[in-house]
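Look at the two complexes coming up: chain A is in both, with chain B in one and chain C in the other.
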Partner chain A sequence: MNRIALLLLLLLTSTQDVLATGSPSIVVVVNPESGVDKLSKDEVVDIFLGRYRKLPSGKTALPIDVSEASTERARFYQLLVKKSSAEMSSYWARLVFSGQTSPPFQVPDTRTALELVRSSPNAIAYVDRASVTSDVKVVFELKP
Partner chain B sequence: MTRALPRSVVARTTLGILLLAAVMGVIFAVMASWRVRNAEQDRLIARVHELSATVESTASVACFLQDKTLAKEITTGLMKNRILSGVRIRSGDQVLYQAGGRAPAKGLSRGAVDEISRTIHSPFDPTAVVGEITMFVSHAEIEAQAIAYSRYTTWMLGLQLAIVAGGVALLVYLLITRPIKGISDELKWLGVRAGMRLTVPSFHRSDEIGQLIVNVNSLITRLTDAVATERDLRKAHEVSERRMRLVLEKADTGILVLDENGTVLSCNPSFTRILGGTDTATTGASLAALLAPHGPLVAGLIAESFESGQPRDADLEIEARGRGKVWVELSVNPLGPNLLQGLVNDITERKRAECAAHELAMRDSITGLLNRRGLDGALNAALASVSESKQLALLLVDLDYFKAVNDTFGHAAGDLVLREVANVLAQCVRRTDIVGRSGGDEFVVLLPGIEGAYKAEEIAANIIAGLHKPIAVGDGKFAHVGASIGIALTGPTREPAAELMRRADVAMYAAKQAGRGRAFLRHQSGPPSEDGPRRTAVA
Partner chain C sequence: MFIGASGARAQDFETDRFTFRGFGTIGLTTHDAEGIEFRRNVGQGYGSEANELDFHADSLAGLQLNSRIAARFDLALQGVTRINAEGNWTPRVTQAFLRYSPDESLVLRAGRFGYEIYLLAESRQVGYSYLAVRPSQDFYGLVTNDEVDGIDASWTTRLGPGLFKVRVFGGEGSDETALHDGTSWSGSSDAVGATLDYTWRSLTARAAALEVRYGANADLRELGTFLASSGSPPAIDIGEELIGSEQVSRGLQLGLAYDGGPLQAQLLYGHIISDSIAGPNVNAFQAQAGYRVGDWTPYLSFAKSRDRNPIRSTGLPELPELLPVIGTVRELQDNMRATQHSTSLGVRWDLSSHWAFKAQVDFTDIHDSALNFDRRPANSGDTRMTVLTAAVDFVF
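Showing the complex of A and B:
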């Protein structure tokens, strides 16, 4: 019992800012024409961290990152792989020279990201649940 | 073997220390190199683990993305470590990159690890295994590095030991052997004379070396003092010995030393002079043999003195070579357990004087015949040699008219008559007979060694005849005396001298009674009447 309580406490502490802001969950969205209805967490991780850039439908996936300054990006990676923005930068820096894979395509804000998703069946992006519009399809949800 | 060793203490000490250092160095080096080698191997293996840990995060990314370029990057980097012979990064079944490979296993030490694998987890999920990195260890390199390091350590150890040994040797040389060598050299040239000393170096004034020098100095002082004392004693001894020898040589007394057998070990010149011999003849000879006629007596004297531990002495008459008969007084005194001192004095003169005095006391001053005392001695001596066949006759001769001579012609004439009577008696007796004047006009004649009365009676008759003749007393006058003689002859029974004398007296009285001028004999036993006074001769 105690151990579980401790784990819970740790979890709460690490996601304190999320809870403090009372932010809603973050969702991964794709173009309705992408042919994808649902993605697992591993599939999301593979796509966004460059391991496997293909959608289950066989289409090439084009992951989109919002600006580093945005809270969505920090929250997304924190919730997805428990990494901070700095850690993520370090991760991508290692791969700069290898050239085999590259970081997700970076856009200034959520609005631009949604626009890209709406215009491309390959695009895949993350947004606040609140920002989701009907012309994109939610395939994965990260609850805080 | 010892020829090969250096003679010098410095060299020996240094050599010893260096040898010890070398031996210790080798022992420590062997132990150290083994330990160091093992430790170094462990350290290098640990280093391989560290290397794998270092590249783990990057390797996890490479495996996660199956990024061969990144894997190559990592592998190339790792291969720069010479202790790795190969590196392989694998993701699942696929080998992302491999450089080098397993090292040849020859000469591999037991239990040695030749590859270290590390499971690589996903950078985003610590529970998910995404690959494995395998590092092949180059044991040759590890061995070489370990040996190099161990050799370096050994060299350092050896160098340290050498420096310490050298330092100790130098210190030993400076502090101990050099000062000792100095003392030794100084001692070598030190003259033996009073007041000589070794100098104490100021640096060693209060240490053991200084103490040694002080002690040596005090020993030298004691020795020189002892030598001086010895010299003085010897000088004093020499003087005393010379004085002693002078005393010995110049003494009139013969001084000699005898051993337990009576052999003369040494003697002074006086001893040889008294014996009339030579030095060579006396030393080593037996004293008993030297005093030949008294050999047994001398031997007995020596034995007695040894037994009792008391001095013994005796007067001996000996035959000295070239000096005739000599009287010596021999005295032996024990000197030690088996030594005697003998003293020999020449007492010939004294003996001669003594004899003269004795003679004088025994003789009648008028006639020169034996007096009563002399006669007593002679009679006792003669009686002692009487036997069955050798009888003794005693003739008591009494002058018949001597009182008249004295009265008529005076005492001087009386003395003349007495002297003439002595002459007559001497002429009448045999050479061995003894004539004496027992007093007044009474004479005694002892006739020893006769057998029977015949010879005595004959001599008595001759005496009576001789004394019947007139005797010239000067101025053309003559005295007429005669003699009555009593004869006593010893018989089978021993009797005292007084008894013989008494019998002669009785016989003489009988002769007087019978009319003078005759000799009567009286035998030993039986009354006079029975035997009867016998008239033997009449003028």
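Showing the complex of A and C:
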């Protein structure tokens, strides 16, 4: 019975759903000079989904995505808006092909994302909590 | 668009860059209604016939080039090939605009851009971006080209717990309609509109209004002049509507959408009113919901459109010399009829983050509608059409 239940669970749950659980939390980080101490979940959603890219300090937010193939990216969007990679791709197709806005700036890995956050007061990125260094500021946390 | 792992600096955000993207749909459609040609909208020159496999109705392809020419300026150019009112696949420029955003609240565009009348899918050309095989034929079937050449401005601000966005636009729109007799009509219009959106978490509410003014058509004015002097009161009323220097249609759309987690749902109400028999006078409604289970998203939709007015008679005697006039007045109205409703069931299977397969069945009850070509003998009455579609959507 338990085996059948497990099989059903695997059938009914996407890979991203599994990835979102049982892993370290993901944090959203900004440059210490951004003038931002914390963000709400709604603000993070608005910035990364291209709805309103303005930080509470008034600065323009420049969100950064890591590669589509990365587990951090899949986990981030699964935890933030409960969307799979395919759903996020579909979401961006809506906006990009209607000329409304652009998806976040894409970099290959977390290391590059952190490098950009350190060098730009407008940059905002997500990383595993374990990757956070002292020269960036955590403003939001997504727990599995 | 990647930047390299080394050398990532703040100025990378500001550098010139070009992005080349594309999208497409390969759709196979068949249905069972003898004498009916199924069309996606009235801008398609021919439709799929009963019991035949057809790939014209839902297939299309598009390419888009975006360029950031300066920190606050972007250029976009998009071309799409699909079956048009003349029945060919001549590519059409669907977007060509310069976008300027002085800050994140304000966006100004000049050039060719879309009307933004689709709530959960801002462009109906990109099948991958929406749930069903196609935007509802019942709700959007009278809309052919959904672009305008002009300027628009949108402004977004936080309001309460959510975001409020207002957009206004104006310019010259173009329209094309394929007619039952194999000919097509195309023309331009002056279009102005506004959209108000309020988004809070996964919910979006929208109110949109559009006014379209078509310049006078010489043939219609001549017809109107004749009718206005006919002495028959119903014909005089119709004639006076057609004599004017322009015809006006106004549309209102109210929508509510939910897009959170595995659930996508939307409710739409549309209302179009025209000041003459040459334009549509329609109320439309659509409800759609889908729920993702793993990579599969089954969905259900119901849509209905209904003409508010019955077919108007000229009241003229059916004398041989008047039959062409009576027939033209009837045909003008027939071309804009849209009374039908559909229930659709389907499933979307996300094969990857760039490909999706969809299968859909539509049960459409046609009462009095020009959305499809009806080749049956006159007065054949209502009919039911079951449409089966399989489609593959992709973006790159």
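By our rule, the second predicted complex is superposed on the first by the 122 of 144 C-alpha atoms of A that agree within 3 Å, B and C clash if a C-alpha of one lies under 4 Å from a C-alpha of the other, contacts with A are read in each partner's own complex, and residues count from 1 in each chain.
The working rule: a contact is a pair of C-beta atoms (placed from the backbone, for glycine too) under 8 Å apart; a residue touches a chain by one contact, two chains touch by 3 or more.
This structure is a prediction, so every number in the text was calculated from the model and none was measured.
Novice: After lining both complexes up on chain A, report clash or fit for chain B versus chain C.
Specialist: By the criteria stated at the top, chain C and chain B clash after superposition.
Novice: Thinking of the overlay built on chain A, is A:133 touched by chain B (first), by chain C (second), by both, or by neither?
Specialist: Once the two structures are laid over each other on A, A:133 reaches no partner at all.
Novice: Between chain B (first) and chain C (second), which does A:50 come into contact with in this model arrangement: first, second, both, or neither?
Specialist: A:50 contacts chain B only, not chain C.
Novice: With the two complexes superposed on chain A, say which partner A:84 touches: chain B (first), chain C (second), both, or neither.
Specialist: In the superposed model, A:84 contacts chain C only, not chain B.
Novice: Now for A:95: first (chain B), second (chain C), both, or neither, which partner does it touch?
Specialist: In the superposition, A:95 touches chain B and chain C alike.
Novice: Does chain C touch more residues of chain A than chain B does, or is it the other way round?
Specialist: Comparing chain B with chain C, the partner touching more chain A residues is C.
Novice: Flag for me the stretch of chain B that overlaps chain C after superposition; candidates: 130-138, 256-264, 364-372 or 508-516.
Specialist: 130-138
Novice: Overlap of the chain B and chain C footprints on chain A, residue-wise?
Specialist: Chain A residues touching both partners: 45, 51, 81-83, 91, 94-95, 97-100.
Novice: Spell out the part of chain A that touches chain C in their complex, as residue ranges.
Specialist: 11-14, 42, 45-46, 51-54, 60-62, 67-68, 81-91, 93-100, 102, 105-109, 111-112, 115-116, 119-120, 122-123
Novice: Using the touch definition from the top, list the residues of chain A that touch chain B in their complex.
Specialist: For chain A paired with chain B, touching residues are 45, 49-51, 80-83, 91, 94-95, 97-101.
Novice: In the complex of these two chains, what residues of chain B are touching chain A?
Specialist: Against chain A, the touching part of chain B is residues 58, 61, 64-70, 73, 123-125.
Novice: Help me check something: in the complex, which residues belonging to chain C touch chain A?
Specialist: 1-5, 8-10, 12-13, 19, 21, 23, 62, 64, 66, 74, 76, 78, 95, 97, 99, 103-105, 109, 113-114, 116, 120-123, 125-126, 128-130, 156, 158, 161-163, 199, 201-202, 259-262, 292-295, 350, 352-354, 356, 395
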